[in-house]
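Take a look at this one; I'll ask things after.
We call the chains A, B, C and D, going by the order they appear; numbering starts again at 1 in every chain.
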Amino acid sequence: MSRNLGAATISGVFDGCKSADRAAFVAYLMAGDPLPSTTAALIRAAIDGGADIVELGFPYSDPLADGPSIQAAATRALRAGTTFDSVLQIARSLPVPVPLVAFSYFNPLYVRGLERCARDLHQAGFAGAVIPDLPPEEGAEAVAVFASAGLALSFLVAPTTPAKRLSLIARVSTGFIYVVSRMGVTGSVTVIDRGTKALAQRLREQTDKALAVGFGISTPQQARMVATFADGVIVGSALVDLIASSPPDQALPAVRSYCARLSAACRRGADNA
Amino acid sequence: MSRNLGAATISGVFDGCKSADRAAFVAYLMAGDPLPSTTAALIRAAIDGGADIVELGFPYSDPLADGPSIQAAATRALRAGTTFDSVLQIARSLPVPVPLVAFSYFNPLYVRGLERCARDLHQAGFAGAVIPDLPPEEGAEAVAVFASAGLALSFLVAPTTPAKRLSLIARVSTGFIYVVSRMGVTGSVTVIDRGTKALAQRLREQTDKALAVGFGISTPQQARMVATFADGVIVGSALVDLIASSPPDQALPAVRSYCARLSAACRRGADNA
Amino acid sequence: MSDADEHGYFGQFGGRFVPEVLVQPLQELEAAMHAAFADESFWSRYGQLLRDYVGRPSPLFVADRLSSSAGGATIVLKREDCNHTGAHKINNTIGQGLLALRMRKTRMIAETGAGQHGVATATTGALLGIPVEVYIGAEDARRQSLNVYLMKLLGATVRVVESGSRTLKDATSEAFRDWAASAGSTFYCIGSVVGAHPYPSLVKRFARVIGDEARAQCQERLGRLPDHVVACVGGGSNAIGIFAAFLGDSQTKLWGVEAAGRGLDSPAENAASLLRGTIGVLHGARTMVLQDGGGQVSATRSIAAGLDYPAVGPEHAHLQASGRVTYVGVDDRQALDAFSELARQEGIVPALESAHAIAHACDLARARPRDEVILVSCSGRGDKDAARFALGEPH
Amino acid sequence: MSDADEHGYFGQFGGRFVPEVLVQPLQELEAAMHAAFADESFWSRYGQLLRDYVGRPSPLFVADRLSSSAGGATIVLKREDCNHTGAHKINNTIGQGLLALRMRKTRMIAETGAGQHGVATATTGALLGIPVEVYIGAEDARRQSLNVYLMKLLGATVRVVESGSRTLKDATSEAFRDWAASAGSTFYCIGSVVGAHPYPSLVKRFARVIGDEARAQCQERLGRLPDHVVACVGGGSNAIGIFAAFLGDSQTKLWGVEAAGRGLDSPAENAASLLRGTIGVLHGARTMVLQDGGGQVSATRSIAAGLDYPAVGPEHAHLQASGRVTYVGVDDRQALDAFSELARQEGIVPALESAHAIAHACDLARARPRDEVILVSCSGRGDKDAARFALGEPH
């Protein structure tokens, strides 16, 4: 594990946040949405706003785990001609290295070949990956391949995940564990499921790895609440919607200021009650 | 039989024609077509043209034995408000008595009551009736009722009528026997069926009653041919079509001259070969 | 039992009131019918096709949810809707088709209203290799465009009738006219227990498989006979077919359901020949006819094209007169409600014709205890009607 | 035999590639499936509904006229078109519906393409009293308006999917998304032998009544097994259902027919996943997928909406790899020809899906002697397609 540079990078970010008494803020962006050429600047805006980690979505034709916002973003990105290679190109084009996590469905990885993918992601500067439709039972090969390429591979846990599988997932995940905050697909909700905290606590009994909570978080209030019990707060659909609804020339400042508010909400100090 | 005045009247006409070496010309008209008020004049025109007998059709909603010409005429007559009573009225309104034969489907007679019908027809001046959908097997009551009202009742024979039924029909018919010249329904044809002559001859072996041939005859040539072996020539659809296609003010002369040509064709002398 | 006498009469109803040209063809048909009925090989071929082609026996289904929702007696459906082509009509057309082959006829004609009999005849013609022509009123052709398409697809020639009211009665007249001219080579495959003798007896014989099966199934599955048997009545073939097996069971009450259209008391807006007709003669038989005082046949109306006919098979007129069967009316609205109700409660979309019977069965069930059994002839499926409504026809 | 291993693999195909939220629901389903399969009372209720409601056994019909017209071997049809709702799909939905009841689920969801599975699920929901929601692509909803109407009539809620290619694949994704959020109360009734383990095994178990019956019928009626078995392959359920009984009969050749659309060599204009796809993962299973080099799933096209799917059940991928089944393509034109040919020769209007199998059977028959027997799965009736064409859709 110590040889996994990507996992170390990601753990380092979570450790740093912990020391600062805050949760890490993970911003999800769809690569290529609206255009491959706009993504790098949006990533920078998120980082400027305070994102600790950027999860970069690889657009896919059949995103089973995503709600309408991210589905639509993927459709826009694919229509704009975004490919696996163009996402790699975006990552490589970032001026300074930022902690990047690839978010891709399994099929594009499988078809490209897992070894080749791991190598390419690593070379493009990714620290790790999330594959939302790959449960650990099907993930043995991916675990091995990504580890030996020096990439973290985070699996997901869900409210329904039974205890036995919680420990399996805790064991095989590297970098962080993705805690799905509710049954269903990505997309903003008004209330974060009350069970999420209990789920994180159950998981905490099994592992010291970082726990990042996602699916449905869109407001600073929600982020603040989640930050009280999780190591990381992941925001995706809300950010994707914000980009889609902003006039082109206002997307960057909008992303920056939205991320700043979310990042601030991740602080746990008394000033943030 | 001698007490059946209607049958005697009709036989008288056929006898008279026979003496004159001609076939009787029977003209069929649809009562009430196009209007109840025009029918009397059309009957007079047919008689003026030389019709020896007029068959007057009672319009019926479902004329199973009729082709499109007479169906359409019935529809026009019914739309114009023609009823059983108005046909009786037309018959009564004729200034001089002419040999009239009622042509009606069974249902209107049945619903009105056979006894009442026979009485009414007789009083209106009809000499007899043809009921195209009443075979003799179902006709026992009608035979008795019409006979006692002094009305002839003519049954039909068809090319398919087996020998046994030919003699039955010959026996029960009064006035004349209606020889259907072909399989099918009323309507003009280009060629009169070759079997018709043989059918008339088979029938002739069974009876001395007058044989009138109908269904399909429309030209003087056809009438001339039929006149060589039959006692009467019945023309219906062609006359109905002529009325339907004539401008209102020309229907009467058209009917008169058409009947004159047909009547002339019924002569059998050497002058008519 | 109430079979026709040798002249084709059921009591005072029936007979053979046809133009002379049709007498000999009807006699020929009658003789061929008797010969076929006495021939075991005819029935074995018929039975084989009913099993391997039509899919008989049709199921007997205890409609538990419908019964509960009606709130009373147990409703049991005889599922003629499961037959190939979707209605009971095929039992008849296959029988007549085999008879046509025996008689060496080279062409079949038929009339149709809802199109179900037309489709069944076209189907039978394709199966047996006999060219088919189907007469359909222009008004019905418009309402039943799916069935018109199917008939053509099955290779039949469709003749659209523009005369009269342009519905079933006119199509029937036109078929008789065709037959008058073609009987030597042509078999007229009539679609119900109507017309001149021997048609009501012929069609009945092929329809009674419905009742024979249902009676045996009731005994086997329920261990008893039904207390009530309910069927819709257009010409009356599915009703005669199911009633036939129960006529001798005096404890079993029989119900025929006529189309009350927009109301039994709206003249020319219903098709209830038995309830609102008078004795007359139509299409060769003395029977109950919707007609005016002058014997002109009335216009009719029902949402169910297959019931939209101004007369009824003569045996029904007799069963009404004798009191053995009780006839009632169900109107368009009630039939539509039953159509949706059966769909929602049991997942069975009935033909609108059959929905008339369902509606009455639910009415009967309401007032009666759960251990009474009401057997209903579900004479056909409603895809043809759904197709109309899916196209936006109001209902 | 080729049942799935304990991880849901048929050889290298199958598995369970799903978001974590769906793992537990699939495990729960798998456990319930095994329990139900081991419970005699489950099978007795299932068998009773298949008999009394669906109308099974479906007939086995020797298509003499079609065989003669094809000019060769004897074509025999397994008549799933005679089932209630008109296709083989109901065998599966009733099985899954009973399982949903056992699992005390209070809602069923389904995806549909042609609408046949949606109608079958809506029907089952009505029968068993389970509320149903059906996902259908907007493009398919337009093409299959009759079935959309029927689903609503049957009480189901129809959810029109506007995402992606707006066809079956997107409706399936949407159903999975619904289930991810609702699995506690909701049973996802999938329509073919596709999806994550245990669905391919579950659906197969309910589909195999087709082959079990057909094999017994062949032996009883023909005194022998068929030389060939032919079925169309969309997701592959009717094909697996009929093949299952014959996999062990090594003399019997098995043929799966894919939709070649406008041609096997026109990319995105066919739906031949086995013939033109590559290995991928879609809807939870590793199988053959029509996709581009980057793993994006391709658009597909077939005149038969029920075959218009870019993947195929994993067991078919395995049967192709093992060589036990030969897969071929039939294009739109050939399917349409077979659609009319079967209608005209036998009076049976097949679903366009089934017409693909008929077309290949006729091809096979042509070159072979009369005493060879070709058994074809006639998986459904064509009324839904006739309704489209009757409305004037070009074909």
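In the analysis below, a contact is a pair of C-beta atoms (placed from the backbone, for glycine too) under 8 Å apart; a residue touches a chain by one contact, two chains touch by 3 or more.
Remember, it's a predicted structure, so these values are computed and weren't measured experimentally.
Novice: What chains touch subunit A and also subunit C?
Specialist: D
Novice: If you average the CA atoms of subunit B and of subunit D, how many Å lie between those two points?
Specialist: A distance of 67 Å separates the two centres.
Novice: Please compute the C-alpha centroid of subunit C, do the same for subunit D, then give the distance between them in whole Å.
Specialist: Once rounded, the distance between the two centres reads 35 Å.
Novice: What positions in subunit C touch 2 or more of the other chains?
Specialist: Touching at least two other chains: none.
Novice: Make each chain a node and each touching pair an edge, then name the shape: line, ring, star, complete, other.
Specialist: Here the contact pattern is a line, an open path with two ends.
Novice: Touching subunit C in the complex: which residues of subunit B?
Specialist: Spelled out, the residues of subunit B in touch with subunit C are 60-68, 71-72, 75, 78, 83-84, 106-112, 132-135, 137-138, 155-162, 165, 169, 180, 182-185.
Novice: Where on subunit C is subunit B touching in the complex?
Specialist: 7, 15-21, 23-25, 27, 163-164, 169-170, 173, 176-177, 180-184, 278-284, 286, 289, 291, 293-297
Novice: Which bits of subunit C are touching subunit D when the two form their complex?
Specialist: Interface residues on the subunit C side: 51-55, 58-62, 65, 79, 81-86, 122-127, 129, 145-146, 148-150, 153-155, 221, 339-340, 343-349, 383, 386-387, 389-391.
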